[in-house]
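To start, I am sharing the structure in question, which I have written as structure tokens.
Chain IDs A, B, C and D follow the sequence of writing; residue 1 opens each chain.
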Amino acid sequence: MAGLVRIQSEDFSVEEEVKRIKTVSKEVGGVVSFLGTARNISKGEKIVSLEFEHYPVMAEKKLDEIRKRALDNFNIIEMGIVHRVGRLDIGENIVLIVAAARHRNDAFMACEWAIAELKRVVPIWKKETTGKGEVWVEEHP
Amino acid sequence: MAGLVRIQSEDFSVEEEVKRIKTVSKEVGGVVSFLGTARNISKGEKIVSLEFEHYPVMAEKKLDEIRKRALDNFNIIEMGIVHRVGRLDIGENIVLIVAAARHRNDAFMACEWAIAELKRVVPIWKKETTGKGEVWVEEHP
Amino acid sequence: MAVKLKFFAMLKGLIGREEAELEIPGEISMAELKTIIKREYPVLADLIDKRGVLVSVNQEFAGNEMTIKDGDEVAFLPPFSGG
Amino acid sequence: MAVKLKFFAMLKGLIGREEAELEIPGEISMAELKTIIKREYPVLADLIDKRGVLVSVNQEFAGNEMTIKDGDEVAFLPPFSGG
């Protein structure tokens, strides 16, 4: 079975990932998911496609740390994270974070924290292809 | 096709509901979902099963108003809400709220607001069956 | 003139039924209707006075100033617990 | 002694390659390594000085006081844009 935290080029099933996280305990009362998808517009430019690159080993390690810190710092029962790499078309799934908790507030807080933290500390980079060519995105210049 | 806002006794597919909301626009960049599930414990009591009752017509109307107010008050692109009624076993899905936005913060805010508002204004009631018998839950006494 | 009453969740158990018909002496306010209801269904009196139930008319929340007309559907709604 | 250098995303384009070997004169600090790197890869100098890139050693973020040893993998990481 695939792990709870993964980087992969294939698409993922939201249903399967949510089911895997929600069934870890009968105490789960709320599951919050964040699904990031490939938008067609970025800073006013029309996007044709995206490509994600990652630093293997380090990126997986950082994602795993995010899950562990979420379990330590929020009152959640489980968290799963999947991030895709490689070339993606508009509308495709990029990332999914699923947090399961007894109570919904904890799941919301953990999920929101995890996606912000992912953007901050995980060595993954996005290249956008527009009509003008390709450019590596710098979200935090 | 089933509507974006529904009350039903059958289970729903998280995958289908998320796909329906995320594909309304190519501008969607983030989709936040809240899935409420039947916990096995409530206020220290072990739950055997749940039963949800609703006020037909009014409950659907209130859910529809929540979607419209979410679209008016948050910068989201679409929202879907499904709530189940009837008898549910532990672990089963109860409610799903899906919010799609250009940016994730708007989707998180709208989804979190919508589930809180649902609990506040939608005429749906939960009966818990424990070893001691059946009791209608009063979350806000 | 008559209105249809509906009782949900725990109120069904308290009243012993889900629905009832109630004769009213003409168009009256919700406040007046509540006075009649408290007399006819004493078990509801305390809940109504302590705002332990909300009231709707024709599937919309209604306040005490609302006018109740012939054929209206008046529902008594205990605290919600959906979600 | 040598370390392996890795360049990601926009840095690959700036440098013209993804990986390189760099000879070091013995165990040195990250601060000393950065001085060598800025000389060998002038295109990185500005980014390093303005903290426009993070640096990792063996897949873990590293500060200037970190000791660089033979065989270490040192990576230059432009601002992340995952998610």
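Just so we're on the same page, a residue touches a chain if its C-beta (ideal position, glycine included) is under 8 Å from a C-beta of that chain, and two chains touch if they have at least 3 such contacts.
Remember, it's a predicted structure, so these values are computed and weren't measured experimentally.
Student: Following contacts chain by chain, what is the lowest number of steps it takes to reach chain D starting at chain A?
Tutor: 1
Student: In whole angstrom, what separates the CA-based centres of chain B and chain C?
Tutor: 27
Student: So what's the Cα centroid distance for chain C and chain D, whole Å?
Tutor: For chain C versus chain D, the centre distance works out to 74 Å.
Student: Counting only Cα atoms for the centres, state how far chain A is from chain B in Å.
Tutor: For chain A versus chain B, the centre distance works out to 23 Å.
Student: Using the average of all C-alpha atoms in each chain as its centre, how far is it in Å between chain A and chain C?
Tutor: It comes to 49 Å between the two C-alpha centres.
Student: Find every residue in chain B that makes contact with two or more other chains and list them.
Tutor: 36, 115
Student: Would you give the residues of chain C that are in contact with at least 2 other chains, written as numbers and ranges?
Tutor: Residues of chain C touching two or more partner chains: there are none.
Student: What are the touching chain pairs in this one?
Tutor: Here the touching pairs of chains are A-B, A-D, B-C.
Student: Provide the residue numbers of chain B that touch chain C in the complex, in ascending order.
Tutor: 36, 52-55, 57-59, 61, 83, 94-95, 115, 118-127, 136-141
Student: Please give the residue numbers of chain B that touch chain A in the complex, ascending.
Tutor: Chain B residues touching chain A: 13-15, 18-19, 22-23, 26-41, 90-91, 102, 104, 107-108, 111-112, 115.
Student: For the complex, which residues does chain D have touching chain A?
Tutor: Residue list for chain D touching chain A: 6, 8-10, 13, 56, 59-60, 75, 77-83.
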